[in-house]
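Per-chain numbering from 1; labels A, B, C and D assigned in written order.
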Amino acid sequence: MRVKVFVTPRKGILDPQGRAVEHALKSLGFDGVSGVHVGRYIVLDVEARSPDEASAAVRRMCDQLLANPLIEDYRFEVEPG
Amino acid sequence: MKWGVVTFPGSLDDRDTLYALRDVMGQDAVPLWHKDEALGGADCVVLPGGFSYGDYLRCGAIARFSPIMKSIARFAADGGLVMGICNGFQILCEAHLLPGALTRNRSLSFICERVTLRVENSNTPFTRAARAGELWRIPIKHGEGLYVAPDDELRNMEERGQVILRYVASDGRESEAANLNGSTRAVAGVANERFNVFGLMPHPEHAVEPMLGGVDGRRIFESIIESAR
Amino acid sequence: MSAPVALPGEPAVDRDLAAAHGLTADEYERIERALGRTPTYTELGVFSVMWSEHCSYKSSRRHLRMMPTRGARVVQGPGENAGAIDVGDGWLAVFKIESHNHPSFVEPYQGAATGVGGILRDIFTMGARPIASMDSLKFGSFDHPRTRYLLSGVVGGIGGYGNCVGVPTVAGETMFDAAYNGNILVNAFCLGLVRRGELLSARASGVGNPVLYVGSATGRDGIHGASLLASAEFDASSEAKRPTVQVGDPFTEKLLIEACLEAAKTGAIVAIQDMGAAGLTSSSSEMAGRGQLGIELDLDRVPLREPGLTPYEILLSESQERMLIVAERGRVPQLERIFAKWDLHAVEIGTITDDRRWRVRSGGKLVADIPVAALTDDAPEYDRPAKAPSKPARMMNRATHKIPSPRQALRGLLASPNVASKRWIFRQYDSIVQSNTVLGPGSDAAVLRIKGTQRGLALAVDSNPRACAIDPYLGAIATVCEAAVNVAAAGARPVGITNCLNYGNPEREEIMWQFVRGVEGIRDAALAFDAPVVSGNVSFYNETEGRAIPPTPTIAIVGVLEDCHRRVPQFFSHADDAILVVRSGRPGFASSEYAALFGSDDAELAPIDLRRERALVDTLVDGAQRGLIRSCHDVSDGGLAVAVAEACFNLEGLLGAELTLSPGFDSAIDLFGEGRSTVVVSAPAENAPGLTEIFRGAGLEITAIGRVTGTARLRIGSVIDEDLRELQEIYERALPERIGDR
Amino acid sequence: MRVKVFVTPRKGILDPQGRAVEHALKSLGFDGVSGVHVGRYIVLDVEARSPDEASAAVRRMCDQLLANPLIEDYRFEVEPG
């Protein structure tokens, strides 16, 4: 099963990368841009008998490795198929 | 001749490059500021190493839009000599003044080490003072120096002699282990098709004094001085 | 003037709330007395951080006064952001070491990164350009499941920050021991250079002078970071108390360095301090306190990262990359222009006053009004009971029956993570940026040249918790000796010390005893080397679940080389050079790596004769300056055999060594014991008599034990005959293999 | 309008980070994992009168700054609202 994981800097945590990108976009003339945050996007294939089984595994992967719960939030989507 | 060394926000080796050029090589070199467009009458513009804009997003991606880069693109189009070292190389690639891109080292970690380079083409303004096959000991220090370019493009580059420097073992032979960052075909430095723009990951400005571990970096500066004459 | 008012939604202040803020009943009463009323919630928060162990040094202050802090070269001793030593030719070296243990244990990458950021700010607030960093690291054993994670995170964070700001990390030390499983240590050192006469201070002056906030905006990060996290033991509830983790932004720090140094040149800066622990509160009150003045702040003008921060949060935030400046009146626009050039905020948020009060407004209301002294000089100070434990501690195992052969011992030692090459770590650090690094990581001390002069500075950082566990006094002395000898081995004269004192919970009398004995040891050794202590840091409460770390005073020493060309590396460089050993005492196993690996019943540290240690340092410097010494390596973890092997591992070309063992050098204890300072020297054979004479003349034992050979073999008497390539492979691979990095 | 941009390493381009994450997941015991790729996930707010206008702007942002076409692919989603 194909899984997509989205990891973003936690609310309230400094996101210097997001700030730098926002600043750069503005100076390129994209004035109407705000709230830029930069995170990670992880795509993977997981062998599982059901989407629920895949979800459970991915949740553990996120907690253990893919995200740092102290400074990052994550969510993921399981694409059946 | 006159040198210009650009300072972007987050440039680090700008001062070292100026020091190498002025104090060690006795050259006339001026600092250039990213917000300016003037190139201070430089015959060769150096984009130094560092972490411009914190290397956020992609190395060199944001610096590429600095006002001074417009002048540098024009200067290069007019045949002016431009050299990008490390972060400067990354900026030149992002600005499409050089082919290819630089991505994270194979090991995913930063590497600071003296490496051996082999001069693959000595018929360029940047290597004129060297013999082909000459070996240099010059330090690298980067986290994202793995050179990539599409296969066909890289093949053409090799044929035209645009691959100027390669990582090799200390005996001059190509080896997987000596290619510390995992660059495609062990590429360490490339030029554009006109051979007036040059980018390299190793730091020649950190190899100009015996007390600091070697002088092979001078060969590049000497070549440029010779070319500008 | 009316008293500050409670803001809507704030909890009522009482003894219980004070206790929840880590203040004792006594302390709370003191606060009421100092104010003559009940504090507001905001004020309570402010007192709780300023009176925390971390900010007030309440358990350590009276003992730290023992340290020798004056000397002919001392321009600034403890009390400012960092100390300063005159190193000649018009240059001052400004340096300090600081801990970031707890934050690094919680979030290793950001914890270590922000540790580097903080110590850098301590240096450039003095007007000095940071030119070199070092890191002293203690991790648990590799058997512990978190060790690898913590190690890669910490090293990644130090490199990530240091590399990005362009300050080379030139040396350090790393140790692994199960005693740190629950509490790692991350101590970061930084050194900067400033011209004599251009040193800045953190002492406010000039009533009416404006106060400028510069750098990053304020967020909710690290509220109570200092008071709760670093001033109490770790336990199961720490999780819940955990403040928001601070994320460092080295890019902004780099801009801040350049902007502050440029601003310093204008002469418009009266005083400057970074917003470190307890952020805006400590920087503003401490600057006012040093100047015997008052300060008034308007929180409405503080740049915020997100809306809705309360005065309590703004005052206690530990957001990174921020500075507070007292400027000369009328020169704010000039400073603003400089900060704008570097894309940084500079906002006037307050004024210096003459009434010695710390006054804060928000939304037009007075939210805090406290005598400055109550937050600074008059903070509590304790003379906590100290008592030696009934039985001395010990980190080593007893001797086993399986005594290894010399060959097995040597190989085992070289593969031990404490002895093995730390290249995996230091090659992740840019050690050459700024073009001053004459000797980088991998040698006993790093050497930096001072551009435009012949001079160099040598830096080393050391700690010896195993010796300190056995005897916290002798262990501290041994630590200072090791750092001094490392610096002298490179040919430099030790001129100044900074220290980071990592201990357990000071409310326990045996910990307090370890601490006091440690300070006494540092005092005595510093006096002996005539190297004053100019800065430092205390880190208490390094315990988890009631288990304290071994006493770990970390000592960094700065040395001066009159002529940088005369620096001495630790590596053999010429075949046929003579190899000599100079000892200031006898080796033993008591705190050795050998004992840690193979066990030993040797439980006592040998006494230390500080006059001989001093003589060793002086003579090494003398020998180096006269150009008699080609290489010098001090014998530390692993003993003599390991030191000789390490001296052979010259990256520019492997050499060999052949030692003929005379009596007194042939037992396991001679080969692998670690004792009082011992160095392995190589020199052209014709210099050997001259060297022997000067060392003997200084009352030291010097013995010619062999020669350097051109073939890569290590031969020691009839007991060891090894291919050095194999040994080097063991030495270099050990750490990457443990980390799982192919 | 809230926009989500997904930037992924181009097919055929070395993705050492994806490989390292896959390796790490396997050594944590997640055997059934394969095809791991690590990219960037950028969230931003764009002022625009219509999703089409937003899309056009975001496409330009991606082409100019957010992705490097030589080594990266991107796609994005505009959330009306």
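Here is the rule we go by: a contact is a pair of C-beta atoms (placed from the backbone, for glycine too) under 8 Å apart; a residue touches a chain by one contact, two chains touch by 3 or more.
Since the model is a prediction, treat every value here as computed from it, not as a measurement.
Farthest from chain C in terms of Cα centroid separation is D.
For this pair, chain B with chain D, the centres built from the Cα atoms lie 29 Å apart.
Separating the CA-averaged centres of chain A and chain D is a span of 10 Å. Distance between chain centres (mean CA atoms), chain C to chain D: 41 Å.
Inter-chain centre distance (chain B to chain C, centres taken as mean C-alpha positions): 36 Å. With touch defined as above, residues shared between interfaces to two or more other chains in chain B number as follows: 53-54, 56-57, 61-62, 65, 107. For chain C, residues touching at least two other chains, in rising order: 249, 251-252. Residue positions of chain D touching 2 or more other chains: 40, 65-66. Counting only pairs that meet the touch rule, the chains in contact are A-B, A-C, A-D, B-C, B-D. Those residues of chain A lying in contact with chain C across their complex are 9, 12-16, 20, 68, 70-71.
Chain C meets chain A in the complex at residues 106-107, 110, 216, 219-221, 242, 244-247, 249, 251-252, 305-306, 319-320.
On the chain B side of its complex with chain D, the touching residues are 57-58, 61-62, 65, 94, 100-101, 103-108, 146, 148-150, 182, 184.
Against chain B, the residues of chain C that register as touching in their complex are 156, 159-160, 163-166, 249-252, 254-255, 342-343, 426-438, 449, 451, 564-565, 741. Interface residues of chain B facing chain C in the complex, by the touch rule stated above, are 9-10, 12-13, 15-16, 19-20, 23, 49-51, 53-56, 107, 109-113, 139, 141, 143, 203, 205-206, 209, 211-212.
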